[in-house]
């Protein structure tokens, strides 16, 4: 589905990613673990074409994405849920979802009703302004909005960040539901436990380098990696 | 010892240019002497704007107000109160600076575009007053035939006077830019939040910068009176303000001499182009658009990019940061 | 790179499209307002003159709101030169150089300086803009070059600010105001409202009319004043407010594009049906023509030139020549410019030399035959003395727009300030 | 030296900081840690005056500073280096630091004295200390990312602070740069007697440098203590592991 | 004071405010979505007026001429806007504000000369259709029918704009794009075309304003200078990018002028400016919340 090969990405003059490579196969949930500032968000932005890498290649469904505008990538089936949510605060929940809908009457699998099924809280607040939702609700809205584009592949950037335990659990369930629905997910997280609960495989990124890659089981067990790159 | 105050080759070049300008009237036809005086006045005006625009990063959208206020003050004191030039002339810039203080005090609370919009509103009010107050300002007719001291009435006399004053002002502005205040102002341009964090009262500095710019704008206004011996409400009109803006852009607003060059190019082009076409503003418009697309740093900025690529890379970074904010 | 190519391409396309739709869009009534050729142009080429050509520098407005006047004047001037250069003046030709002042006095001054200092013209003429005229006038005085104002109507030009080197071939605000006052004094109105565009011309004409009117009829009272800024797009609120005050009559002091506005709004609000009004130049064709048949009838106006009056052979010949050359009847600027050209030619002939001082001496007091009769350049103040016409707007089957009906002549003696008054104003 | 008492700050509905407490002793290196969005940067913004606290007290050297303008707080002796390089890109490295020194010396209103002769020694000393001296003439915007971050600290030093606040001083740096930067920070603290308050994600750094660590979560202070105390605290583990097990 | 005089003056002032609103709404719409203060907006308004004249002229006596002009003139202006946006402006969105402002200034300079080139320098005038010509009487006062027409049309345009931005997908997307362009792009929406649409809508409104003002005034070169400054002031006091702000600003502007006329006719033109200054001194960011 997605193949990232040896990319280097800069913000202006600062070099953020150093030869990052990763693969995500169809139907997988892959997590990208790392501390703040490790390069998770930049990796996501590079894949989405928002901060194109200076070197290296990214292939989505076998086609290189270099020079393709983000909106076209979105139409090819990538969706991005940014870590800071970026809900359109002045628009209502319903409107947030509505503008994301690609061709409302297309056969698309996702529509408002289905998003509300996944996130019942949103249904109650559909006419509230996005800016007036709580942090957790905004997270859900951001995911729901991404789903409205009918993606095959979804980039989730720290969906559990700053959420209360119950909500984290809810989001975990929802990710699993997405997986069940056949979506491919690349999940960036620092919350290892949650991330590993929903993922098939994982990468550990630190200081812009992929340091480690392994199955969930190995990551659970490898205390050293967890201590070194992921805090405690 | 890095960054010498004035690099010797630039000092030499400046002195040579000054000498050439001093001797120019001996050979040049009268009209060219006049046009060059106009360039001095316009260049001084553009530089005074650039002090806040290029060095201060302040969106001074209605700088012409200070130009006009300076010119009108001098003209009115001479014609209405019959005060001698040595009182009226310095009064121009002082009143302009005072106007700058008033307008600035309201505007510095705001940033960027809002600053500019409020300034246009307040400036237009002053324009309306000048335009309407017939008994005093002569309304749209302006004031003509302003009596000046004998030595200023000839084109040569005005030329030398304007040359000297402009040179002194440019030197003063150079000093200011190189002073702690100037350095602080540039720091504010680059990063106002950071300046607050290192103990600089940003609004206060910006206000002072506006007052200084208004002062020099006022000097340019008085120079206009010297050269043309007339004043018009058009000196305070917003379109002129934007034209000065274009001059700064054209010459390069992150360079010291850029606005001089910009003013010279615009005045010269206007004089030449209007001989051949009525559509001179189209020429200006197309030039402006080409400039925005291909030379966003202006002529001087472009030259610097060619010869000092590192500095321009930093400018580029600065632009990125500006855009990010 | 592709992007930049695209940019340039579109810029060109945009230009082309605009020009193309312009070419197709407005052929109906537009007179050929061709851009005046900018470099020196000799109007005709008859017999190479032995002496150097006489060079006239024109500074006028060819862009901005009053560009129509500038173009009209230039056409009138060219027409006259065609006639003059057939015979030549002092064995030479009259050439001209033009500059566009964009209706900005500082530009005008700069252009005049170029013409005088660089082009070494013998005479400077021009300007719609009074401020520009005054500015150029003061520079002309300094440089001792004769300057003839042909459209700007400020009375200050030959009045308070007049001097040896400035002339005017246009009627001025003092004359216009007095002409209006003469007419209004005969009417029974007591309460007057004064309204106009807030610029020098408006105020000057209102003052002149009012001062003369109070002198002629001490009973009149000023009920109030309203001023709007030049270029005000919609005058309805102003006129409605005036109607609310119910004056007996209104003196409107406005010109140019503002005139059309006033008449249009007066009609729309019904003001013109209710309250009598006088406006200088209300009967001017350039004002009435854009309104077509929809102009308000019964508006009193004064004017120094109408192409359909007087119906003398001289005027008809002038109108025909102009119409043939430029496709529309001449307006007052063309008339002034036409006269100016003849004044220049005659004055040089009379002076017998190209000397500027002699030219001035010759021009002062010179009389020529204009299309509307003999006119004189009054010696004392260098202001042209010409008859004015007073009329009331009305429909006429011959034209698609309103014209002046019941036209009466007002003699120049009646409307011109006396020489003593002028000299007193000048502080001499 | 610095005491933050029960400070709160809300943006619209969102409580960014909600009852934060912090004590910084003179001469100490104090770290603030916590997951993303815990309110660390907001807390720093409150201390340095970029935001006004909704409630609570911020006391520096026995005086309340909550709600003062940033420049006033700086003049009282608190300087800050930012999370992203927050320098003056068009000025030279020398000028970047000099501006701060001039501001501290209250010379920034000086109009006609050439700046290049002022505050020279101090500026040079700071550049020397931070290892930027060889690059003093370069335009700051052209420095490498790591050097820009160090310049960031150098600018803060120009204010001659008694308390220096560093917001993730090593984010985005290579391991070598990280080590260099932290050594520099420690050395500056010693040599200049500056108290340092910093936040950091790299726990190796936090636990090897800080003498006191404050842990935040959801805008609240969970605890403040020595590295050992923090390491052994269960709440901290939860905070970082996501707390879903709790 | 005669109450019917006050009423008629207020009505007329409101009618004038409607035209100001329509033009300012276009300006503020572009400002809100693209964040570009379009200095050329006044020129587009002028082109709208001249185009309306040409159409009315070509159709001659046809009574529908005015109505056709009212529809076609805005479309012509919108087409000009589209060419400018696609050809030039769309390449500049990454640049600083200042460049965009100066760019629109350059466009203004060129368009103004273009108008002179295409239509010449003569004054032009458009006759309103029979049904809108003349006036109603209110007590002693006449209220031009055209003013009533404007009073009806203005709220309709406001309603249309409200529907556009709240009920259509494009409107919702524009509101979102005003805040976060990048995120809108990530949702698979071609933001570039959204901007084009917003710019064109702005131009459409400028053109409509021009066509609407045509029958009430003489159409001349330079008619752009006044309107653009007034619109800038209106938009500023309303809150940049806020359509309702533009409405409030326009009403303040129009009505303060009317009331000024009632009480101090000689100084009426100062009133709107004084209002602007007072508003900005009290609320420097405008009366309503700016979108940015």
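In this document, chain identifiers A, B, C, D and E correspond to the written order of the chains, with residue numbering beginning at 1 in each.
Please note the rule applied: a residue touches a chain if its C-beta (ideal position, glycine included) is under 8 Å from a C-beta of that chain, and two chains touch if they have at least 3 such contacts.
What you are looking at is a predicted structure, and each value in this text was computed from that prediction instead of being measured.
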Centroid-based (C-alpha) most distant chain relative to chain D: C
Among all chains, whose Cα centre is located farthest from the one for chain A? C
Taking each chain's centre as the mean of its CA atoms, how far is chain A from chain E in angstrom? 43
Let me have the rounded angstrom distance from the C-alpha centre of chain D over to the C-alpha centre of chain E, please. 49
Hey, how far is the Cα centre of chain A from the one of chain B, in Å? 52
Gap in Å, rounded to a whole number, between the CA centres of chain D and chain B: 40
Check each residue of chain C and list the ones that touch at least two other chains. 4, 7, 11, 62-63, 198, 229
Where in chain E do residues touch two or more other chains at once? 88, 91, 112-114, 116-117, 225, 269
Give me the residue numbers in chain B that touch at least two other chains, ranges are fine. 128, 132, 278-279, 281, 286, 289, 293, 317
Which residues of chain E touch chain B in their complex? 37, 39, 88, 91-92, 94-99, 102-103, 105-110, 112-114, 116-117, 225, 229, 232-233, 235-236, 240, 269-270, 273-274, 276-277, 280-281, 284-285
Applying the document's contact rule, which stretches of chain E touch chain C when the two form their complex? 2, 5, 8-9, 12-13, 15-16, 19, 51, 54, 57-58, 76, 80, 83-84, 86-88, 91, 112-114, 116-125, 127-128, 133-135, 137, 140-144, 146-147, 213, 216-218, 220-223, 225-227, 254, 257-258, 261-262, 265-266, 268-269
What residues on chain C touch chain E, complex-wise? 3-4, 6-7, 9-11, 13-15, 17-19, 21-23, 25-26, 28-31, 33, 62-68, 70-71, 103, 198, 224-229, 231-238, 240-244, 246, 256-261, 264-265, 268-271, 274, 286-287, 290-292, 294
Would you pull the chain B residues touching chain D in the complex into a rising list? 2-5, 172, 175-176, 178-184, 186-187, 189-191, 193-202, 205, 208, 212, 254, 310-311, 313-318, 321
Using the touch rule from the top, collect the residues of chain A that touch chain D in their complex. 13-16, 35-37, 83, 131-132, 134-135, 158, 160-162, 164-165, 168-169, 172, 190-194, 207-208, 231-232
